[in-house]
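What follows is a group of structures, each given as structure tokens.
One chain, subunit A, appears in both complexes that follow, with subunit B as partner in the first and subunit C in the second.
The block that comes next holds the complex of A and B.
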């Protein structure tokens, strides 16, 4: 560590220490409570952003978790005689558990995204408020906190509350910062953009959403615990107010809900404005002004203040000099012949959508190192087969195994980690991430080298190739400790996103390599909206390759490309195979099917119709007849 | 356990109260289901209408139906103006939720500044009238409300099913691009629908003025229940909204009779949560 890097950190620690000791200066109580309110709203809005801003699940139920925390502390101190500080862990834990419970049910429903999630969480708030009001938790009369002793952490009671609020605020911001700079944060941002794709790239979406929800609710609960002492007299109507979700959303959206410090800036601005009006006796007008600000912010700064400033800065700053690209290893043509080992085995795969049978018992073996072309008329089940193998749809019956391991009933992210990667016919990049970030995500969450389900051959067939370019720190690619699985452990250990003992810089180099490999070099910092269709298709490929798959499923990579781009893509697929990956590709373009495939499988009406060498299959009169009708079959 | 008469009376008043839920839900359901805009200010508009009916009735002695005849077209205009803003800024569902929330706050503040935060009650000769049917009493105003809500729901449902404009609206809600390719002028229709939705808020507001006690904070009292009704009744389906309103009203009222009045809010949300999790085909 050099001094230049440590200096800002030292400065930050000193500033935090000075802020914490501010009440020692015995400022008038007004300042203590005003600053406490700023910290209060920073903590609440930042904790809200952990789930709602980062992962895009808008919650209007933050008051439920906050209010539960308030009542935990109020009840434990007044009715059970607990010391105040001892109640805070419980005030955090109960809301976190509640969030886990809600999430465990709600996050499994695909349709409960967006506004329905918002309204459901709002409903939960009403239910909890009613239950608390009607049970001895409140009892209808409210709770007085005046008899509860406050620990003498500071010379004055307001000073003590200030300190507690400040500590929570710092902890919240630290958590938010760590989340943003971890696998968890990366995964949450991907969930925000496209949850299905995130899952297919190996992000354990359910676990990440639950983690974020529990963290968010836990912080809100702890903040509520402290706030119980600040308020003094607690009523359900005062605590479960609509203003809590309103202000929290407003502050986060205004500041920038996808940034770790955006909500803090929004909270500071709004709290100051509100306080100015309340002290002027114009609380109602203050609310109206806040509402006007919210409308203006959403109409003109939909991304929030912090991202807007960042974009402005980026436009007015010259692009930083980028480190030269990692050396692209020369492509060795078809060094690995097709082996006899079966990599993908599909047995009796059946998929029904209600009464519609998309796949009716497909049996298919794909050998290691093979390129299998999957063709068939529209609606014959090609894409459904890809969706079933990659885990996007659960099988109705039958089995799918990769290298002897049954994957048919695993969630999609587990399948991705076992070395299956796919592309989408219509490219689905993460729209708020740059090309580089898109590929880094796939590399971070892709195939696990040291998965406990290590297959016969050991590492991914692509990994010998990846190892060709320099890996720092002696190439630590394996880390078999199970703890590394846990995102929260990753958060604790390092700041930078890492994948099982690999450094962020290694993952980044690897991502840059695949960007170069697919011809996207120079576009690293471009958002997907700035790419043309051809480049978006290649971004799909780069993401799939960065996962270092054993089995690559390509869904119509060539559709919509012009002849020159098709040639380019065919060369690329050959080069990928030359690394030893096994490829199953769906394609309508017969020239490409014949040029690329070792074998061709024809699907018709959800069943395997023909299988064999490309030229034989294409001449098969039965195959010609399903494509062109019987008249041409002769 | 309360007596059968009490339960029967609770059921009747619950169903009648549910009519108001259904009436409020209709406008919301139309704009959410067919325009993909969540209009939280719907409640504030209804209360603005209610206060206007109250003001015209108490200060100028204008009969409520004449007030309604003036207010509903004005509300239609407000709805159109609101949609102009959404259209101009290409507002999506989530942003519409936040923006209309802000509208509602601004209207609430305006109402409070003019009419103060005090409770207001608009007493008319109909307020206490009721029909006696066997052992049960049926308040005339509530019954009228339910009949009006039923006619509106039925009419709107037929309009959406049978007429070209209705079919075009539903097509545009499914896929605006494809609908446009078949010559549907989605934007014009959206203005019409937004106006109609706000007009419904005006009608609902008239009844709120006659039936309920007015206070600015009451704007938020209906929010949760009515949203539950909208979702249970299926987005964009006025008839479903009304039926869900009646169902929720009845179950709330029964819960009040059997348990305690304070437990009522739990009912609608529990029904909503159960239905969301159950995820039936018709939703």
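The block that comes next holds the complex of A and C.
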């Protein structure tokens, strides 16, 4: 038994037990009621944050799911005679199913992100309210629940309501905590920052969003079921009012919508403030004061209270001695020749955007261990080909296979899990994640097979970095050790969900390894905004490498770098290639193309124009002509 | 009926009425000022939120009444302190605040909040603690299932039956009584409740209802409904409206060049409808207006004058006392009469006294011994005449020189 670890847990369990039994103390009923309302708002705002805070899908429709739960309980108890407690699972399930139904349609449409999603969810509220109002579910007269018996779980009815609200609150917070500490949470945070990139890194975005939406709606529904009993008289105008979504948004934003605990802080603060000015003589002034406090808080703490406190603590915490930083890998000669086995096979790849044909039937083979330079003038289809192979764009026709497996019509995350990783011409890091978190995500969701680099076989020439990386004195960090909470590195163990077959500490070690490999050591805690372009490009590389891909697609990784940085990058690509990696890289810098490529493919107007050894291709007058014009070619 | 329950009962009723009337009529001068520990009466009103515009009327009225009561003899010779909290127009907040008033602030007595949902939320709390709760704005009497909850407004126990018949009686006096009626109503519970009753009673009395439409509370687009009304061209239009909905509907009808022959509105904003050209001759529900014979009721003149003064100070758009303000005044009149009549602050004794006695309020003699503690219905009909509301039906309550005008 680890006392240091178990004591806080024991304390938390005891505190939760004591809180649950609070009504036994027979405090004045108001305190039970007030605390119930705090729990009520904590549950609602936290459940909202599961989708909207974590994944960034800003919903204004929380009242729909909450209200549906209210009416499920109200109708089942008053019209069908169900016992109150028996209605709660239904009150949770129906909104969850509704959310799944809505999400299954809406989440597939890229144009329905952002404000359109907010408006759509708001309209769902109106639709649900209208249906309920105009059907026997309510019919307009409201539902009076005074005759519904409340089970005697506590000495008083208010105590029973308190207990139910508390239990739901604890369950909600546990779910939120669990989500944040799981692959799901990491994937949702990535979706929040850049959904397309998250998908390309292997995050099953649709499934994750549906899960978050269903959890969010289910909790709201269950909360609604309990609240029906608390309010007693249910009307559509009272239940589906706009203040519900507005309050949950405000509470979540104030506390920190990306934190599992932030909305709880926001809900507690706002509910308490609302009760601080309840005297009849100061009602209006009180509202104004509350508004000023909230506006000030949001202005000064735009990320929310919890993140602000964390940042403050981080600034004031004594910086621990940092271990020596890893070096950029030395250039290692090619360990093995290019194999004859075809890893990537593209046949008749066609991509049209309406009337515009970006790819017009490209045939291309890339052999295992090869570096293929992909060049061509602007608009020739290079990036489109990368996007098609990585699954960002679906093929119009044709086929793409990797290691003999057809991937051309798979979603991007499935392609990523089959060993295809890519970088972006303009770096697209997850902006709210540190460097380490960015790379950990890629390592977590990357290629399914947990074996180390396949291309190198056996011990990687770079494995010495893993050994050299001084995570802790005495060796690689142990998953269960206190080292997992080492503040010297921004990502603690809680951000390192276990991946199938691998411990969180292994994932973290791997991420640190690639950070060191790409020369970003010492930047682990830095957000992407704190990196220069060169470093952001290398972060792209680190993320791609951490996925341990069979096939690496590099899209203009050298563009925008100065000559020294280009040299550094070329050394890096060589180091990767030295392990037998298969790389397709799009590049305009011909020096790099010639130095790095085994073969060069030239695209022009969406078709394969030339293919061969670098120097031969670059001397081909036809290639020169499409780059510089016919006069130069002659 | 009180008269049928024995002489002892009659004497108590008379005593209650005389006591209440005397208390209201007698000026403060010459009375001993109340002294001692204040009697704390707790209550909430929706001072913020979507009900605030109406609740502020109740607040002004309550302040006037507390001043008046303290200007007399308070409760049992002790001054009265009104502990007023803001329920933010939310039933859940109303519930928690009544729990606060009763279990933390430990007020001696409570008064009801404003509007049906907060009232029902508060009623559950009152019931758990055995407190008497008097309320003035719950339009569905059958929901008042708590034995110690009392209405201050004389809806009667079945206003969905009694009031439609008052309207039908009134319409029967028209030179050409309507034979068809169009009913439009908000789905606001109390309005819908009355609309369904109107439909049922009209059909019972041979008036056809070819058009019955419900709309969502707060609706602002009446174009389509106006077209249906015009198309139906019924002899009478009954509107279960709240706030400005009547103005919006009549405006939509005017845009279609249609003016309903005769029209009734349930709970409209009184000021805007009275001054609107569309509102001329509109009929509406009421319990009293600042005219005779109501102004001769005990305390009414002073109440109307003080209300005008305070409402003007508070920048209210409509400063004439109306049924809303009088509802709260009646609550306090009933509580004052009951406490002093029972000679106790004990809720059980107060409730028992109320069930056995009539109290004269600004609404007239009010009793509480019927179903759901309701007494006789006293809903009247008023009409916009020269941009002012005037009671026109029943005739005995019509303002001097005022007659019902049929279009």
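Keep in mind that, in the parts below, the second predicted complex is superposed on the first by the 553 of 634 C-alpha atoms of A that agree within 3 Å, B and C clash if a C-alpha of one lies under 4 Å from a C-alpha of the other, contacts with A are read in each partner's own complex, and residues count from 1 in each chain.
Assume contacts are C-beta pairs under 8 Å (C-beta built on N, C-alpha and C of every residue); 3 or more make two chains touch, one makes a residue touch a chain.
Because the structure is a prediction, the values reported are computed rather than measured.
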| item | value |
| --- | --- |
| Partner chain in contact with A:130 - subunit B first, subunit C second, else both or neither | both |
| First (subunit B), second (subunit C), both or neither touched by A:142 | second |
| First (subunit B), second (subunit C), both or neither touched by A:158 | second |
| Which superposed partner A:284 touches (first subunit B, second subunit C, both, neither) | both |
| Touched partner set for A:10, first subunit B, second subunit C, both or neither | neither |
| Partner chain(s) touched by A:122 [first = subunit B, second = subunit C, both, neither] | first |
| Subunit B versus subunit C as contact partner of A:24, first or second or both or neither | neither |
| Residues of subunit A at both interfaces, subunit B in one complex, subunit C in the other | 130, 133-134, 140, 284, 287 |
| Residues of subunit B touching subunit A in the complex | 32, 38, 89, 91, 93-95, 97-99, 101-103, 105-106, 108-110, 112-113, 220, 223-224, 227-228, 231, 260, 262-263, 265-266, 269-270, 272-273, 276-277, 279 |
| Contact set on subunit A toward subunit C in their complex | 28-34, 37, 40, 130, 133-134, 139-142, 144, 146, 156-158, 227, 230-233, 235-238, 241, 243, 274, 277-281, 283-284, 286-287 |
| Residue numbers on subunit A that touch subunit B, as the complex places them | 58, 105-106, 109, 111-112, 114-116, 118-120, 122-124, 126-127, 129-131, 133-134, 140, 242, 246, 249-250, 253, 284-285, 287-288, 290-292, 294-295, 298-299, 302 |
| Interface residues, subunit C side, partner subunit A - complex | 44-45, 47-48, 50, 59, 84-86, 88, 90-93, 95-97, 99-100, 102-104, 116-117, 120-121, 123-125, 128, 143, 145, 187-189, 192-193, 214, 216-218 |
